[in-house]
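Each in structure tokens, the structures are laid out below.
The following pair of complexes shares a single chain, chain A, combined with chain B in the former and chain C in the latter.
What follows is the complex of A and B.
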């Protein structure tokens, strides 16, 4: 007998992180895309990845976004885990501005996968605590401070 | 080694020729200065010599900058940019630490010019200059300035806050090296409440301001980061916004990576600026994932979520709502200035847009 079991779903609501998300980098202002990635998105994605679950990121609620905030946050996720892993696990919800989904999925994902292939490392404007990254050679995830402030 | 027997004399001849040339230039320069003094040419600014007194302390030299009658950025942008350039010269020269800005002859002023004036005052204070000014004699201009909230950012000569009537005509956020997202978000909610009666967010303007602010911080001169966001409650139906960043300007930033606009050398600066908003040039950072900000701003304008966007940067005025009013300016502005308006109709268009 097969029984349908709903997998645990991980949810990030960005308005819980900030009602007014900021710019791309930490040095440019509060609640930046870089900060959001390191404080929230990286850890949640790792948990979803380990449990083979879906991660839903809800963009509704805040005052709005700069494209650079979203690009930096989701771009770093692609750089650390690869396009395939992210596409198969992350679901973006944006009922207020669906155009952000299009930008992230059609531009950010593709461009950052290219950056990853070319090993063009992302800029880190502060020294972050250790974060998770997928090791394609061993098919496992590792926690380390991969990039220092540059 | 065979040395020419004339080699020493040749060197001497060259040195002598150079010396004669130096003397000739010096003499010509002196003559030019003398002619300028004799002709009594008018300068855009003039220095007042400090009065002699019995103390050894000599007061700082005062410099007066007199503004012309039409100080309206939309109508007479060249005049306003002339003022901006004069302030830049004064800052660069750094000799006069006491600056008087004389507005007494001004008969026409607009919110764009007030925004720029405030931004330059901001810069002067940042660079440790002491700037003060006089109000226009013209009653209408005086009212516009006092209702704009400009005086709330000034002090009287005793250093006290200038008392103004309670109003919410203008709100200003200024910053140097960081964005101020929460304050901008809060002010946009106030604007929406002013226009519709409901306190709500308005995402298009929040995005626009964040893009502009981030560009200002990222591309501006390292020593001279300075942005100013102002909101002017014109009447019950219209709110005007300005965003000023003092830096290099969009065209200058593009030209740093000259190769990408070489192919466009036949195009005018207006076209090049317009193409920058269409994502025709790569970002100066060389990262392929960049350059999404200006196209986002243009998209907001095309969809009529805001009205009358005007961009002034370097030597170009780009008018998005009426292209025939775009022009090349004969005065250069090192930075970028944005002006746009919001009314209830724009908010309705945003609310009722198709989300498919």
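What follows is the complex of A and C.
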């Protein structure tokens, strides 16, 4: 699902998670953006963050994306870690559909950072296991179930 | 050279010069006509190919939007179709830019906008597991508007291709 490379670079290849990524929320279908965030992206970003490494997310391979999948996955990352932390660590790669990179970086990041600033709680459609979040007050990361099913 | 050697078949030197001039001029004329015609034919053929590709994208989109209106496509079908069309529009824009230096993102940008909008609708996500997705009238209006904008972009592309001049070989080889 994810690979570790020399030079402390972490890589997530989304096609290793699913060859057919699904909708936005878990209840809407398999392999949703919500599910991908909680099963893969949150943990892998935390590891890259701790080691001050880059996290490369490769979008190529699956049979296509719904914009809602990518928005939910990367949006939650922004909500939990903040725009600056994510921008400085995450590199999104796609030769097949580079337009997704533009959407994520120019729309999702901005909208979810705004949402984080306004503390508009993201929707969780199942009770997830504890996940990581950056605590801006203590400058550290903590693991907890931050939001129950809502 | 002996002056008498050039006086052959009763023709003077000046006559021979005239004949040679006529032959050379004719050969150059024929060569120019053939070469230019060949280039024009090749250029026209390529333009027709690109224009047909634009027309095909237009027809595929028209049929796809009809299906969205009827609500007889599944969410995964919609998602897959968008990906296939992404590659096609990306390639067309790339080659148009390489060959004619036409702005390389007009079609794929509009396509991406439609793809992002349609796959973000609540109806698309809420009916992801269902065999078909029925869009609301409001979403259908949005789709119609975007489809109309895409049609304008495609028409503009046909105009651009027709008006385009080939890029010089030096540049095309190095791109």
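Here, the second predicted complex is superposed on the first by the 143 of 150 C-alpha atoms of A that agree within 3 Å, B and C clash if a C-alpha of one lies under 4 Å from a C-alpha of the other, contacts with A are read in each partner's own complex, and residues count from 1 in each chain.
Assume a contact is a pair of C-beta atoms (placed from the backbone, for glycine too) under 8 Å apart; a residue touches a chain by one contact, two chains touch by 3 or more.
Note that the structure is a prediction, hence the values are computed from the model and not measured.
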item: Winner by number of chain A residues touched, once chain B and chain C are compared; value: B
item: Contacts of A:10 with chain B and chain C, given as first, second, both or neither; value: neither
item: Partner chain in contact with A:132 - chain B first, chain C second, else both or neither; value: neither
item: First (chain B), second (chain C), both or neither touched by A:120; value: first
item: Touching partner for A:64 - first (chain B), second (chain C), both, neither; value: both
item: Which superposed partner A:19 touches (first chain B, second chain C, both, neither); value: first
item: Which of chain B and chain C A:31 touches, first, second, both or neither; value: first
item: Which superposed partner A:112 touches (first chain B, second chain C, both, neither); value: first
item: Set of chain A residues, in rising order, touched by both chain B and chain C; value: 20, 22-24, 28-29, 63-68, 71, 96-97, 103
item: Chain C to chain A touching residues, read off their complex; value: 75-76, 79-80, 82-83, 86-87, 90, 108-109, 112, 115-117, 119-120, 124-126, 128-129
item: Chain C contact footprint on chain A (complex, rising order); value: 20, 22-25, 28-29, 63-68, 71, 96-97, 99, 102-103
item: Interfacial residue positions of chain B with respect to chain A in the complex; value: 177-182, 184-186, 188-189, 201-207, 210-211, 213-214, 217-218, 287-290, 292-293, 296, 355
item: Residues on chain A engaged by chain B in the complex (per definition of touch); value: 18-24, 27-31, 62-69, 71, 75, 95-98, 103, 107-108, 111-112, 114-115, 120
